[in-house]
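Listed below are the structures to be examined.
After this come two complexes, each holding chain A, first together with chain B and then together with chain C.
Up next, the complex of A and B:
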């Protein structure tokens, strides 16, 4: 009887595939299993593939991202994931320099577009192009009915950046399988350098071109989490993450200007005049804390689903942030849905963020601080994302398409606004 | 900043109108603790009721925001970094 009730609740049975699917879910439900286990019974392997296009206005950054995620069961106790990502990036990115009309400084562009010398114009942004290949593997092994260990490894390679990572995650279900406790540890090693090799001497004159060896950074992340079924239609999650990284944190392409405000004799308006340009300098370690909570809730006769999450972040660079993310999925039919998305993000500035080294008395040398960056991403800012996704089941798979608009605004940065468009189409192929 | 506030208002209004139910009722229903027997987990087993229903979309979003914002993380650990512009 319980099987019949469970199947009836799942949805309308239209064909034999649905019967198979629903019986799988019902069987797994009786055994106290999860959705992933139910899907595993029906589809032992699936391949999710996606193409994403990201474009910023004003001819800034453009990225095409191709992704393929393969998931499959090697046995009843072992599941593997293979994730491949290929990013193709190009466009222009702010250097951190002021938009000056009197600059005469050489500057090498980001991510390997070569060196450009600017004479009498602005080099507040430079062109770049790069390709990134990312590979991540994971293997989840069920130790017994309630515990699972997941081992992971990752590799990311660009022209001027390499990252290697490893992780281990442990999860423990309660006897009633309504609560899951997780603990995880990850370590990574990153090598950072300019395409021409080396990293610039922090806070040295850009024109001097003083180069050090490649930068290296070690990062360690530890997470504790709990997820709990609150009722038949709600599940929640709470995570705490602490991260520590040690080594090179500076962006080898970013600079900061020494500048003064001067009045244009023709228009009467004030504009920045750049006097000198320095490479930026950031601290060589960073301690971060993150509290993340999320929930999924279904309501209504048609099965509308809300996902909500909140994240609080703080670190010892003086940055704290609040992030709220909401999606609302409305079924259009038994096979398709529409899902609006809204995200709110607010951050404070890093302690060492500066628009520039302001020098109103050009005859007096400035006293440089220990750390300084004018990277707009370290400024106080606000980001709003709005988007919508459409999804539908096709024969043997699931199709999704979404469009999103992102608007970031910053308080003091030279480039105080970034607008971006995101388009993504995905297809998940299920193999019986 | 005004444009941001307008965008924010439109987004909240769009989300609220599409939800089609009062927020307080939804919150009450969502946070009421009730035991769930094994044979009552059909809804929880649906794909869209997973805490991360679309890991590929989440992965892509986290990469975008990691590249443009000063804070990151929270959902899990592991994965590679990048020198994003």
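Up next, the complex of A and C:
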């Protein structure tokens, strides 16, 4: 038999807001001490999610990147990071071939095997689309009060590229906690291939379609670093990284033209005419050094922050680069800020970078070097980034929006300018 | 002898014992063996002292004396007087819903997971024996009408936690945490402002599943809930939170409410008050400007 409950309308305590403060006073009397302050947080997981759109002008590459970065404490000694990236890439990318403007020019092949007709202006770039999924996990464990060991693992998968990595990083704080020393090692294994499988024989004729097996590459990075609190408002950092990679470094899609500069008899302008096309070839190892230093300084009453960094890079392919990065954050209110960004990047060309195999005398066969690439990314270049970020605190999270313009100028490459736009919105959710 | 054990962990130490019918723990941010032994012993002594003094299950303490006074006045010591003053304020603040004389209801409401719902007749019989306003409390003299009982079970454990914190603070500068059966307090954060982590039990899977982890930097934490204490009849769940005004369980009370506040006893009162609000528990907690977790 069902029991009928005498559910009276007991009502809600009328003046709810006074309860806690009155209770605090009562508690204080009971415990005979001074009132304490509670200080607690939820289990401090936060999720940073972001959507980035990158677009190059002239219908070149566009990338939509969805990122999620989850970080949280498993215990007072253990922190876990999970990083997920999904890239959708599409557009047209330069192949390395010359832009053959005029398809009507035809030449006799140097080998005399017949005529070679320039196949129009479309092959200097190729349309592509791909999707990349990247997953990275790391686990930081405090060994004791001053030392932390971080273990990491990563995986990245594309239709024509796979990468697996693992890392370990040791960090040691000084007794006064003002200085942190780090030492780390990372290893990765990459597998590189064309979507149709295999990699082309380096410096073979594209038309021959000579394919080798998939490319494999092992990379090892060692990093040493120190970061130091210089004073209450300034922190500095210095890192040195040495990396060695061994294996397949060539881009299996990139080609290099054997070309001749010819005059268009109608317009009187000179244009490149392609005689032959080869797959590129890069060395099978690379040694790199990076020195990175940065400093953040807060000043003023409202907490304006300037962040400056300098990076020097050099490798045994002949590329050296200098990067200067500056941001300046100005709080607009207690909740929001605005942050202009400027970045200067300059690099020298790789020793084996060539615009093309220039053959002025069409009748003579050219002598191929051991390595050659006309990938614009290996050319001498200058990149300038200007942008601005706005961030604001919302209830339960932080919102950021960023716009950036990037302008690349290359010295010799067939595509000697790239303009790109970056738009990014991010939301960091603090679990409550 | 006693059931005290101590352990040295990686970067903290842990002391354990049973008191007040629950497992008790002391966590200290130190790996000093001597210190954890000393602090655990002090905590044990304080927990036992309060248990002895305020338990309704013994026949030689002040509570027994009052409950068996048959209406005669009883003079109480300072500490007991402070408890009654506090209970009096809680009664006022909760508009009569928190009442230390409501303990007699346990005679008819046995929250053992069964379907033994008392008859209305039984409930009505007991109602006259409930009500703090019928008590004559004129510090330091307590005059409790015959047939009525005082039960400090709703305050005692939380009070013991805060009282233990007070004692341990005099013996160490290290950060520590006192946990008496889920009623918790810590007086200051760990070094480098790091928190202590506290797992929250899922009320429907006690001890098996945690609904979350809370980082407690400093303050008190208490949970009110009916993990295993409930009645089930015709599919209706009766929570063990009894409303002294109706002598019936509070309808639609949350399964559990956890609150972080300045002290353990404050957190305990706020979580109990919230449970007493039934379906309005969340609104009540929202208005208090405290951290809380409510499992509906």
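Following the convention adopted for this analysis, the second predicted complex is superposed on the first by the 366 of 432 C-alpha atoms of A that agree within 3 Å, B and C clash if a C-alpha of one lies under 4 Å from a C-alpha of the other, contacts with A are read in each partner's own complex, and residues count from 1 in each chain.
FYI, a residue touches a chain if its C-beta (ideal position, glycine included) is under 8 Å from a C-beta of that chain, and two chains touch if they have at least 3 such contacts.
Note that the structure is a prediction, hence the values are computed from the model and not measured.
Within the superposed three-chain model, A:374 lies out of touch with both chain B and chain C [touch as defined at top].
When chain A is checked against chain B and against chain C, the one touching more of its residues turns out to be B.
In the superposed pair of complexes, A:144 makes contact with chain C only, with no contact to chain B. Contacts of A:48 after superposition: chain B is touched, whereas chain C is not reached. In the superposed model, A:221 makes contact with chain B only, not with chain C.
By the touch criterion stated above, A:73 is placed in contact with chain C alone, chain B being left untouched.
Common to the chain B and chain C contact sets on chain A are residues 2-3, 5-6, 10, 26, 29-33, 35-36, 38-39, 177. Interface of chain A with chain C (complex): residues 2-8, 10-14, 16-20, 22-24, 26-27, 29-33, 35-44, 73, 75-77, 142, 144-145, 177.
By the touch criterion given at the top, residues 1, 3-4, 7-8, 10-12, 14-15, 18-21, 26, 29-36, 38-51, 53-57, 59-60, 63-65, 68-85 of chain B touch chain A in their complex. Per the touch definition, chain C reaches chain A in the complex via residues 10-11, 82-83, 85-86, 89-90, 93-95, 97, 117, 120, 123, 159, 162-163, 166, 187, 189-192, 194-197, 212-221, 233-234, 243, 245-246, 248, 250-251, 260-263, 265-267, 269-270, 273, 277-278, 280, 283-284, 287-291.
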